[in-house]
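Presented sequentially are two complexes of chain A, the first with chain B as partner and the second with chain C.
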Partner chain A sequence: MKRIVILGGGVAGTLTANYLVPKIRGEIRDGNVEVTLITDRPYQVYEPGFLYLIFNRLGEAELKRDIRELLDPAVNIVIDRATKIEAENNRVVTENGVYDYDYLVIATGARVVPEEIPGLKEGGHWFYNFEGAVRLREALAKFTGGKVVVSVMGVPHKCPVAPMEVSFILHDFLKRRNLRDKSEILYTYPINKIFTMDPVVEMIQPMFDERGIQYKTFFNPLEVDAKNKKIITLEGEEESYDLLIAIPPHRGAKVVEDSGLGDKGGWVPTDRYTLKVEGYENMYALGDATNLPVSKAGSVAHFQAEVVAENLAAEIEGIEPTAMFNGKAFCFIETGWEEATYIWFDYYTPPQPVMPSKFVHFVKMAYNKAYWLTARGLL
Partner chain B sequence: MEDVKADRVIDARGSYCPGPLMELIKAIKEEDVGKVIEVWSSDESSAKDIPEWVKKAGHELIGVFEADGYWRIVVKKTK
Partner chain C sequence: MMEDRTEKLVEKLVENQDAIERLIDKIIMLEKTGAIDTLADLASFVKVAEDTLSDEIIKKNAELVANLGLISAKFTSDNALRLIDAVGDAICRCDKEPEPVGVTGLLKALNDPDVKYALGFLINVAKALGKALRERA
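On to the complex of A and B.
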């Protein structure tokens, strides 16, 4: 019997399983193949929803689903924390067991490491995990005016456009609460422009200017002085704040690092087309876990899952795997409380944002509800 | 100057903007004052962006040298 182990229960792992199983259902039914998904938590979180949770527009219950509800019933679900991938022995060790595999899919995502910026945990907020988002929601609800700094403290990070989105929505949130004229918004970015992609910069920067959202580039925080509410940068600058919304540094999963499979950032070296882990014929990696020069975003994981599922099914059937990932990504960009644009791009096509509109925003709001159909492999 | 000996070489070839710059920034955080760091990048924009950052951050740009299909950007941490 062939064993396929998928490590990770986020969008990448779940979708890979749900796309794969229907392709090889007969083999599973006949006992020739077993698909096991290992995840360290019994539920999945719709992380893009954090952007709405902090402004109290979506609640916790809407952002969580039991993993069993999302996965095809033919998938074995193991709720356990993986501690080591023993690539040389083809097995995954968890806190409570050992799982041999013929094929492994690494879908372990990214994690935030606010501790890499001294003082950030004490002095800052973020919306890149549940705990942080809930805490930021409270801080925003109590905010009575002052200087808000939205600071990107490391690249890469999950959802590259989210820092711009949070700045735009914050602008409207403060306006709606009659606090905008008592407040400043400052957005900071580590490189010499406000975003990595020029076409996006060309659209967004004038929109920041129109709204009075200030920005600073080449801004790399070294530490946060929580007591005096200041950010100190590597470039020798200091910036004061009343509310700090940080995008903390990110790293790959601990299990990847502990298994010696990651690069310096803990990201898995992955072939940009085949999605095989470099140097391993029986291992695929996708989603935020990889070192690929593509956005760490759910849509990328979605498009990659289609490729990995197709290739795994081919390998099971004894066919040469030929599906290739072309770098495709799709991102909505909220540009206010009720307007949004979107970009799509791939390895060969640069992004071209469209004019922001209410329509695109409402499509995004609808997608926030419909996401669970995506996770089930239906949309 | 091209043969200056670096204390640390970062091979960021194959990584795209802003990868090489972010790797240099990480190295600057980690190294002691006076150390020489050399970044290898196959992304041409690094040859422009990295010197710009070095100037803003107040370190010393020793030089930008074109090698076989990539750029060597040599920086000294001065503070």
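On to the complex of A and C.
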């Protein structure tokens, strides 16, 4: 019997399982193949929803769904924390067991490490995990005016456009609460422009100007002085704030680092086309876990899952795997409380944002609820 | 001031000459075929939707679709389809008028190989249902 182990119950892991199982259902039914998904929690979190949770537009319960509702019933679900991938022995060790595999899919995602910026935990907020988002929601509800700094403190980070989105929505949020006149919004980015992609900069920067959202580039925070509410940067600047919304540094999963499979950021070295882990013929990696120069975004995991599932199914059937990932990403960009645009791009095509509209915003709002159909492999 | 604006407009037209020519060709084609009226109607429809819908309505409907979709994915898997198809056949073929059945009738029916087979299926479902319920408890 061939054993396929998928490590991770986020978008990448769930979608890989849901695309793979229907392709090899006969083999599973005949007992020739077993698909096991290991995840450390019994539910999945829709992380893009944090952007809405902080403004109280989506609640906690709306962002979680039982993993059993999302997975094909033919998948063995193991709720356990993986502690080590023993690549040489083809097995995954968890806190409560050991799982041998013939093929492994690493879909362990990314984690935020605010502790890497001294003072950030004490002096700042973020919305890149549940705890942080809930805390920021409280801070925003109590905010009565002042200087808000939205600061990207490390790349790569999940959902690259979210810092721009939070700035736009914050602008409208403060206006709706009659606080915009008493507030400043400052957006900071580590490189020499406000975003990595020029077509996006060309659209967004004038929109920042129109709304009076200030920005600073080449801004690389080293530490946060929580007591005096100041950010100190590598460039020698000091920036004061009343409310700091940070995008904390990210790293790959601990299990990847502890298994010696990651680079210095904990990202898994992965072939950009085949999605095989470099140096291993029976291991694939996808989603936020990889070291690929693509956005760490759910849509990327989605498009990659199609490739991994197709190639794994081919390997099981004894056919040469030929599917290749072309770098495709799709991102909505909320440009206010009720308007949005979107971009898509791949290895060969640069992004070209469309005019922001209410209609695109509605599509995004609908998707926030319909996302679970994507996880199930239906949308 | 006016000259400035005109100058900029001409500059823009020259810069985008190819795109404008293609656009004009498309507009002419739309007008000649009458499709432009349909487009205008469609735009009005989208505008009405934009003006009347709200985040809440969108969320509620999308949630309904998501829930139906997740459930329907299970009832349309190949295994479920085979079983539902068999149930459909059974209902269609069962043209006998029902008769009251007591304990004796039930015991007698249990000798029928088809009833035995169906009972086996129901027990399988009960077993899987029990497991699924326990997992969700």
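As a convention for this text, the second predicted complex is superposed on the first by the 379 of 379 C-alpha atoms of A that agree within 3 Å, B and C clash if a C-alpha of one lies under 4 Å from a C-alpha of the other, contacts with A are read in each partner's own complex, and residues count from 1 in each chain.
Quick note on the criterion: a contact is a pair of C-beta atoms (placed from the backbone, for glycine too) under 8 Å apart; a residue touches a chain by one contact, two chains touch by 3 or more.
Since we're looking at a predicted model, the values are computed, not measured.
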Room on chain A for both chain B and chain C (clash or fit): fit
Partner touching more residues of chain A, whether chain B or chain C: C
Partner chain(s) touched by A:Leu379 [first = chain B, second = chain C, both, neither]: second
Partner chain(s) touched by A:Ile319 [first = chain B, second = chain C, both, neither]: neither
Touched partner set for A:Arg68, first chain B, second chain C, both or neither: second
Partner chain in contact with A:Arg57 - chain B first, chain C second, else both or neither: second
Partner chain(s) touched by A:Pro190 [first = chain B, second = chain C, both, neither]: first
Shortest span in Å between Cα atoms of chain B and of chain C, once chain A is used as the common reference: 28
Contact set on chain A toward chain C in their complex: 25, 57, 66, 68-70, 72-73, 338, 357-359, 362, 365-373, 376-379
Of chain A, residues touching chain B in the complex: 154-155, 190-192, 196, 218, 220, 222, 234-236, 264, 293
Residue ranges of chain B touching chain A (in the complex, touch as defined): 15-19, 21-23, 25, 28-29, 49, 52-53, 56-58, 79
Residues on chain C engaged by chain A in the complex (per definition of touch): 46, 49-50, 53, 55, 58-59, 61-63, 65-66, 69-70, 73-74, 77-78, 135-136
